[in-house]
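What follows are several structures.
Presented sequentially are two complexes of subunit A, the first with subunit B as partner and the second with subunit C.
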Partner chain A sequence: MRSWEKIELVIATSWQPNESDFLRKLKIEPDGIGALFFRDAFACLFSDSINAKREFEQYYSVEYGTLKRYLDGRYGIVMGDDDLEKESIFLCTWLSSALDRHYDDSQFENVMKCIRDLESENESQT
Partner chain B sequence: MRQLDQGFELFMNREDNLAKSTSLLARLAHEIKVKNAAGLFDINRIAEDFFVPILSILYDCPELKNQNAVAYNFPAVDLGCEAAKVSIQVTSDASSAKVEKTLRLFEEHKLNDRFDTVYVLVLTEKQGTYSSRKLKEQIAELPIAFEPDNHIIDYRDLAARLGALDSEKIKAVTEILINEFAKQDASLAFRKELENFLTVAQAKIEFEKKSKKYIPSIFIETSSAKEQVRFFAHPLFFYRKIREKLSKLKLTELNELLRLAKQNPIDELPDLATLSSDPTNLDKLAEALSSQTEALQALRSKIAPMSMDRGNAERYEPTEDADAYSRIWRHPVESRAYGFNRRLDDILELIDLGRQKILLLTGMAGQGKTNFVCDLVENMFRKFQIPSIFIPARELNGYQGQARIFDFIANNRYAPSVQNLHGLLNLFDEVARENGMPFIIVVDGINEVSDFSGFSQQINDFLSAIAQYDHIKAIITCRSEFFDQRYASMLQQDFSDQIFHVENLRSEMSERHKDRLIEAYFDYFKIALTLGKEASDFLRNDLLLLRIFCEIEEGAEQRFVPTIYKGDVFERFLIRKVGEFEDHLKAQVVPVLHKVVSEMIRLESFSSLSTSAFDSSEASIIERLISDDIILRSELPEASLATAGQQNISFTYDELRDFILAHYIVTDLADKAVDEVSSILAKLADLQVREGVFRYTYILARKHGKVDLVQLCETQPDFARHFVNNIELISPEMQNDADRDRVRDILSSQGSPHDVRAIAVFLFHRRVPTEFLNIDILINHINALDDDGCRQFFTTIFATRSWNWQNDWRREIGRIVSGYLERAEEHFPPKDKALLTFMLQISAYADWESLEPNRNRFTSLMAKADFQAQRDYLANACSSVIVDNAAEIWAFAA
Partner chain C sequence: MKVKLDFVSNSSSTSFVYISEGDLEKEDFFKAAGVSPDSPVSGLFGQMFYELSSRIREGTLLSSSDEIDDLDERHEFTAETIAKMKDAVSKGQKVIVSQLSSENNLPEMMMCTSIFEIDSDKFHINAYSNYW
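Right after this comes the complex of A and B.
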């Protein structure tokens, strides 16, 4: 079993992750070379990450009682109510090379903005 | 008299009913939580059977009805009473979003025309706070009053409301709950036994809390071991996680690479999909886990030849016609196969955990094994109602004979009436089967059973008996060195293949965890102190010191603690510990500790000492100190005929041992035998303990005014080094002119750069002007240096020795001053004038990149307020660089 899960990034969002919307918003051709990198980014953010809210509801709510206590007790993550009430909270245990902030050409900020924009689009539709 | 009796009886009935109904409400909430998490929760049945009758009494709503019965798909609220104008939404979703949605629908459908009040009843557990922006906005728009604290309720609010009702109503609610649960429990033969076991386990945990062996609030969950225990202890519930992982297991990517390499793909095992069904009881689960293991292992061995870590499997050979492709794709294939098998291994481990019967936790002392298992019993077993028994192994010392574990379990008022161990285990197995959870026996700290040899056989026999039952499991904890020497035979028994051994309980604590730990300790010990950075770093990096510090500061009111003087902490801690002994023993505690250390000195053995030289009254004090586990702990003597039956001891905390050694030297030997002290210090010369013993001997000698001993220390050849290394321990009350002279000499000397730097750093952090040793000494020293002197001094204290070391000290100065200016600009005017002066001094020597910008920033600051004293002081500096820099700053500021 993996040792203690180190959380590299926490994303609280009400956007329902969808790879094609993600690539579209980033203006990435699905069949192009860029898609390879950004699919990896999508995977580490949403597919391989821990979907904390779902995990809490399905497995940990009995022990921890509230989502807040679960995030704090198990991961040491403290979040405000506004973030806690987002549809999903993703805990990313690794970051793809496109998101590595140590590189000058890191796409981290662009990707985060893309997620925020997709969330806003989603909210305005609902 | 008769009336009084009746009144008392009524009161008792009321209290009984209240306790009963509160406990049943908690059980109801618990069962809802478990069912809800497992997706098996039927909210309608619960609402109809339990909540309509109960809430109608609690909220005085005689006509409370399910609103769906009034009108199909009734919006926003589930229950309503138009007579009382009260409506209630019953939900298992505790989120702010759910409450917000309820209120929005309530408003949209104008339900305020029918109801004056709306409650949201959270069937699981409501959040601690409801302060989200959206919810606040919705509440503001609601035409009726809604206060989250009062109108969002859960079972705890119901219990509190119940307590305010009259006896008749309490009785009515109690009867509803009893009747509903009686219907539910009708098919359960062992429900009562389960409740009894849970009660006893909790009582044991409470005892561990009282003795402070388990402090729940300071338990920081840093270990993956807890996740492992979940699969071990409640496999039927957590099995869904295994199923989920199985469903994600796809060979597509590996097969795609194999296709590119022109190799045959690996067949999906048909079993994988079919194995993903949900077992409904422990017997079916055992079957499922067994066939899954078989299928996954078969799949693993198919993939192994392609994996980088193929073990004993032969590397796969490509088909002849695909050789070139295979070479190109070989690495990606092997890498992907490796990744796939790692995922298989993860799943196989979880399955293995579900199947194993014994979880063995071994680790060094102080790793938190007791806290870990107590947390499990309290926060996992109790909440899931996993039938369990908690046995602190030290309590087995009170039982004799071959059946001490059985005797221990039988010795409580809820013990089932069975004649022997197998009778008991049969019952446990039945309870487990009925509840769908294994029966878990936790034996914590088997190293604390004094009869090592006898108990080693007993625990093996006990575990062997457990292994014969399908649904009984055990968790055993033991200090690793004791396990290796005394209990290792456990790994060579007929049940050994059913042991899951966890050897590393605690992974490295992150900085965030350390902060939380300090907060949790302060919270638990009700300490309101504010720690300075130095004090905080001290405690963050020494968990034993943190525990000791918190014990002595328990209940401390708000004050600032800039630094922690360990010597003072140890002294206060020992005084406190002595105070916990009975009056007739108090005077003996310190002499016993002195005897322990004098024996250690005599034998030149500081890590393990036999207790054979101590008489019975001394031994009883030693036992008390061992049981406390902070000052002394029990150790294993070397196994030999000569040491058979003996007990060894050591100090839990090396530095506390050094302090007690020094205390012995200063208070027992200094006056009568200074020569002996001299020979002790010589004797310790090459030993690791000398550093600590010398440190505290010097500090305590000064504190107790032992002039001869102070002189002896100061004439030791290595005194200067000790002085520098331990200057932080000289508390302000002890500091004197001689210290100040010594510090000045070190700063002025051309000697060890390490010493100069250490003293400069020490002075830099001392900002209290009334103390003998403070930053002013450093500032005065700098002001007295000429340009060459400054360059040399700053090189010594700021050089970071990186690759470009020749000028790195200037860059370091630039970095430090820039950081300072940011804070000073944010919190203007800077309160700490000494620090400001120091920064102005060093800023003159910064690298060219930061020199000018920082000078401009200083100019802006100086322009805003009068810093005449600093200006005058710097004008008198011997370094022209400092003088010119300051002159320029003030010239532009003017």
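Right after this comes the complex of A and C.
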């Protein structure tokens, strides 16, 4: 992690992130300002975030031995076994305006529910 | 040398233009924004509609090309937008210039800090001046 990066949010999920599915679940058409604002949300959660599990497997598995030790040692993040077994662990270094929990109208909880629902859909299909 | 460490307030307001035959309707706004009324995030867009409607009501109605040419915020609109405003005035449509602020609430802040244009068969909103 670069020294100026702060982890704002950790998402452990077995859903394979896909912007089209994300917008569809939010019932937002791909054109228009709805998509403009929520593409930012997708970007901060997935496209721009650190894919920690992949990073560990590619570069740090020898150094740290286990994913659990890697997350704790490199990022100071302690995760339970259930989350560690998810297909991906995303470390978000910024959050878009729509997800800013300092505001009353923050859509953080709605977007997190959308991701959980997408994961459930994914699990029921496999 | 003195060094002051504090939060930096980066508040701003930006101009936008609303062009239409009539008032902004919620159903038209949602349709043009591409957001379903039963979307999990519809509350945010409902608030955006409310804020936009309020700012439009508080805005300046322009009724001639001369008024558009004399506009204080003229430099904030592109030549294409100015031409569209003049064309709309000549057709008797509403042309209203107003401001969005980054300080009031999340929906308005999001619009204030974004460059966007909403074009539908019912209305046109141009906020291209929102450069940050």
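Here is the rule we use: the second predicted complex is superposed on the first by the 123 of 126 C-alpha atoms of A that agree within 3 Å, B and C clash if a C-alpha of one lies under 4 Å from a C-alpha of the other, contacts with A are read in each partner's own complex, and residues count from 1 in each chain.
The rule is short, and it goes like this: a residue touches a chain if its C-beta (ideal position, glycine included) is under 8 Å from a C-beta of that chain, and two chains touch if they have at least 3 such contacts.
Predicted model, so just to flag it, every value in this text is computed and none were measured.
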Mind working out whether A:35 is in touch with subunit B, subunit C, both or neither, as first, second, both or neither?
second
List the residues on subunit C that touch subunit A in their complex, please.
32-36, 38-45, 47, 105-107, 109-110, 113-114, 116, 118
Of all residues in subunit A, which touch subunit B in the complex?
1-5, 57-63, 65-69, 73-74, 76, 80-82, 84-85
Residue set of subunit B touching subunit A in the complex reads 30, 33-34, 36-39, 94-97, 100, 124-135, 220-224, 227-228, 230, 237-238, 240-241, 346, 349-350, 379-380, 383-384, 507, 510, 512-513, 516
Mind listing the subunit A positions that touch subunit C in their complex?
25-38, 97-98, 100, 103-107, 110-111, 113-114
